[in-house]
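Dumping the structure here so I can ask a few things about it.
Chain nomenclature is as follows: A, B, C and D, assigned in order of appearance, with residue numbering initiated at 1 for each chain independently.
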Amino acid sequence: MDFSETGILSFHGIYGIFALFLPGWLAYAVTCGVLAFIVINAMVMSTALYTWFERRMIGRFQARLGPNRWGPFGLLQPFADVIKLIVKEDTTPSTADKIVFAISPVILFAPTVLTIAIIPFGENTFLGRLNIGVLFLIGVTSVNTIAVLAAGWASRNKYAMLGSMRGVAMLCSYEVPMALAITGVVLIANSLSLYDVVQAQSVPFLIVQPLGFLVFMAAASAEMSRTPFDQIEAESELGAGYHTEYSGMKFAIFQLAEFMAPIVTSILAVVLFFGGTRGFDPIPGQLWFVIKVVLVLFGLLWIRATWPRLRIDQIMGFAWKGLFALAILNIFVIAIEVMLFQDGEGNITTRGMWTMAAVNWVITIAAIAIMVNVLGGKKLERPTPKPSPLANMYAEAD
Amino acid sequence: MTVKTEPVTINLGPQHPSTHGVFRLRVTFDGEVIVDVEPVLGYLHRGSEKLAEGRTYVQIVTLTDRMDYIASMSNNLAYVRAVEKIAGIEVPERAQYIRVISAELQRIASHLMATGFLLNDLGALATPLMYCFRERERILDLFEMLCGARITLSYMRPGGVFQDTPPEFWPALEEFIGNMPTYIDELERLISGNEIVLTRTRGVGLLNDVDAVDYSISGPMLRAAGVEWDLRKADPYEIYDRLDFDIPIGALGDTFDRYIVRIQEMRESIRIIRQCIDATPSGPIRAETPFFIRPPEGDAYAAVESPKGELGFYLVSDGGISPYRCHVRAPSFINITPLREMLLGWKMSDLIIIFGSIDIVLGEVDR
Amino acid sequence: MLGQGTEASLLADIVFWVIAVSSIIAALAVVLLKDLFRAALFLIVSFLGVAGMFVLLRAEFLAVVQVLVYVGAISVLIIFAILMTRDVEEGSPANKFRLPMAIFSALFAAVAIYVAVSTNWNTLELAIASGAIAEETTAKITEVYSNTIPWIGRLLLRDFVLAFEVASVVLLAALIGALALIRER
Amino acid sequence: MYGTGLLKGLSITMKNLVKPGRMFTLNQYPDRKIGLIGLAKMQNTNALAFAVKKPGTAVKALVGMVSVPDRMPQHGRFRGEEFSWYEQRCTGCASCAKYCPLGIIRIVTHPSEQQIPEGDKYFIDVFDIDIGRCMFCGLCVEACPYDALHMGSGFEEGKYRRHDLVINKQMLNESPKRPSLWFRPQIEGKDYHPHSHEEIEWQNAGRHERPTVEQQQERWTER
């Protein structure tokens, strides 16, 4: 692991300040704490901002206004919500497993924040340059399965249990296509480090491998349980799913983790498929990054505001029959193309990338069209209505 | 070797986001699959039929508003038609036209609400619901012009309607009727072709024509099963025999057919209103009736095609100022009778949408 | 990272002890707790502790795979299995295996500790210091250790590809077998 | 072709996002947020001039912090609270009480020996309406033969206690006389709207044209 070496807010800058009056190992620990504090708070604040953004945008999608009362354009609405949630009574069901009930929000929250540790936000703006960044992501995000299960189990509520059971089945299944979709990225980038992935994107991988992007986004939106895969919560069926019994601050932490998930997912999508910090000059890389993240967030919102949700067995079928096959196809195609276009050091020229992109777009559209129309189309056809003879039985009797 | 699982019994309701009021279903699941359903009714029972026995004939109109509270106009119409039948009151032609217009507007409003809530049950985060409500608001604005209320209308009286339309009603109605087809097109583009909606609703909650007739189902549910039966055609009341419209039917009798039948019925309603606007004559809007109507002894049953189905009122008069007995044939109540057969073997998510596609109103189920 | 400099290695020691103690406590809790669900949660803690150990040993790949496979998948399976048992909160009743198992595990622990303590650990640092390895070999070893993943990939998919594929076939057979077993007849 | 339905749906929601004309017909009751241009338009200036004149308010408007009072748009026929009741027109016949489906109107009268143009007058001792149980069906208004009772036009009559919801004669007398147009065709055509803060005098609220003095004299001499 390397830490960035420049700037006052760099690790060594802060370490230097603390090392003046603290023993080295303590200064090291305190510096880590300070950085973690800054990053976690930044994430929480941006989540608050994002909830406002989401509510405003979904309001507009639904031809409503969204929160606009408290503060400029309703910007302070999330803070009002948090104050409300703090003041609310924190109830625990009397039959609940109280300890597990209390810690499961934290278990859900921690891995989401952990993923931030390895994201390259800019040329020199990142916490850790882990050489197995992609694996770290997949590994860490798989932990929240346990939180969902623990919350549902500890609540002793049938709705919560159903929600968490669905959730576990879904989260476990969708990890597979997500990992396979990321494999395509790793194949081209020739590295597991997120920093190298960004560096490799002379052409954004969204253009080079649209199929991988689609599979990744579908799997990721299932991982964070957003429409059309929000069976974990399924508010019209289960009330609120695994956090039915939660209230007060515990509920707020669940909501925080849940709203942080889209941000983390968009950040990942930007890093893996949108070229991360890359852009053209006068605008700095960090700004490019933020712009791209907001765009991806908007796309997620757009989908959330439009599509209904699938049934649980359809979701599982989609993961194993649809996404899994598409992801395998993607890996196969990308691997062959990498073999063809790779030079001796494992790099691919920009020209090679564009060629790959052209081929992959054709393959993507053909694959999806074949999958939807040939394999899935039969169930969707509507036969022409035929009037039933029963309507005229009284007329005949007369 | 088989894995033994224990069935789980879950109380769906009376407090549940998707039970459309205070309906309660005791559902037994095997995993996600429904193995047993037991509906529990009566949480909204207000004894409307008994209350009617202590009210005068005009006062009962206000009770009918509160049965199917998202289609009060149709309830009013069914009730006043029963009173007119038992008391032998002739309704002026203009009143009949106004009644038909308002009843069809109410049908559009009710179907919009049914469609919106069906999509909400499908999990569409309220967007189609909001679009549906947006159009419904315009209908409610029209109702406010007519009678000063938006939900509990009490617009009709035995012998006509209580007040003539205001002059600004007709241009507003024309504008609404002109815009509505494009809104329905938009709604259909959002929903009808959506593959997620199709996979969720195609072939789900089947009710074939024989079963539908045997259960005496009526309304869009019956027509979705392919039975071309509409009281407006089968037993024309008011001025429906002068109007030209079709009865949309479904192919399979599944959830999607119920949705598409409702959408097509909205279009037919627009057609009907268009013909009515051109044909509405001027003249009186209410027959001269005393406030305390004293019908002769006897009984009468009058039914109309309400948005949910055949809504009938059966009145028995003993010659007094209030009915001796008032019975309501509530379409919502009768339409949920095959609920158990429709639900068995489907999954929990299907339960919600099958239940939503029946489009019941608890005020009418429990009365 | 943590190995550079004496002060940082002090911190590494602290981290080591924290992880070690917590994973041992968690492992004990797995055995001693009656509530099976909580025991499973402690099992996850102990898995995470092992992953932390791997990080300290500079085997990040192993650490992440530990989290991915054990925490993300195996423990979920274990919890699922637990949810299917009766009386999750009481746990299983005491049986006659208690005493023999206690003796066996005590013996096992004693042997393991003895082996760990008495072995002459021939670590890379010691080997380089003693000059047993040539200069160019040292450089190569350092290169491999700095980024192990390409080497793992190369070993798995080039040198030992047959074993790798045979393992996957075995897994596939297990999968199909499980499906065949639970299928209703 | 399947697969395009999802994209069509996306285009519909996007159309609704970018087209402000397709917004809900909703009002931000009781006040609405207003931007700089709207605020300037309200003061009959353009935005630039307004910003020069009142820079503080202009900045506040730009960040969406300025709100102006707003009212729900309602048709004149809206059946609202605060019944408009004209004691001068009321004869105390208690038709309203009789016609009320819920029986929430209570009237106690005694003969007052007075005579008014429409007939004998009863003095009204008690006129209570229990708004807490009223469902605003308007049958009382429909029943009133002398057009003394009218539906009101308000909807902001929330109270903290249930018994405060019973409005008595004094409150009815003191309340603003802004009758709804509901079932009152005689005031419907008269360029009057209940929400325009005008009040209607008792002479003009009746179903008939107010008789002139000569007409009244004639009528009285006939009797």
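Methods note: contacts are C-beta pairs under 8 Å (C-beta built on N, C-alpha and C of every residue); 3 or more make two chains touch, one makes a residue touch a chain.
These numbers were taken from a predicted model, which means no experiment stands behind them.
S.K.: Using the mean of all protein Cα atoms as the middle point, what chain has its own Cα mean nearest that point?
M.R.: Central by C-alpha mean position: chain A.
S.K.: Between A-B and B-D, which chain pair is linked by more C-beta pairs in contact?
M.R.: Contact tally favours A-B.
S.K.: Counting only Cα atoms for the centres, state how far chain A is from chain B in Å.
M.R.: 42
S.K.: What's the distance between the Cα centroids of chain C and chain D, rounded to whole Å?
M.R.: Centre separation, chain C to chain D: 76 Å.
S.K.: Could you work out how far the Cα centre of chain B sits from that of chain D, in whole Å?
M.R.: 30
S.K.: So the centre of each chain is just the mean of its C-alpha atoms; given that, what is the distance between chain B and chain C in Å?
M.R.: Once rounded, the distance between the two centres reads 64 Å.
S.K.: Which parts of chain A, given as residue numbers and ranges, touch two or more other chains?
M.R.: 61-64, 305-307, 372, 376, 380
S.K.: At which residue positions does chain D touch at least two other chains?
M.R.: Only 2-3, 6, 9, 12-13, 16, 22, 24, 26 qualify.
S.K.: Which of the residues in chain C come into contact with chain A in the complex?
M.R.: Contact set of chain C toward chain A: 1, 5, 7-8, 10-11, 14, 35, 37-38, 41, 44, 60-61, 64-65, 67-68, 71-73, 75-76, 79-80, 83, 89, 147, 149.
S.K.: Looking at the complex, which residues from chain A come into contact with chain C?
M.R.: Touch list, chain A to chain C: 1, 23-25, 28-29, 97, 99-100, 130-132, 135-136, 138-140, 142-143, 145-146, 149-150, 153, 168, 172, 175, 192.
S.K.: Over in the complex, which chain B residues touch chain A? Could you list them?
M.R.: 8, 10, 16-18, 29, 32, 119-127, 130-131, 134, 190, 194-200, 202-203, 209-210, 213, 225-229, 234, 249-252, 256-257, 260, 347-352
S.K.: If you look only at chain D, which of its residues touch chain A in the complex?
M.R.: Contacts found on chain D: 1-3, 6, 9-10, 12-14, 16-17, 22-24, 26, 28, 33, 63-65.
S.K.: Help me check something: in the complex, which residues belonging to chain B touch chain D?
M.R.: Residues in contact with chain D: 55-56, 58-59, 61-63, 65, 127, 130-131, 133-134, 137-138, 141, 144-149, 152, 154, 162-164, 166, 186, 189-198, 291.
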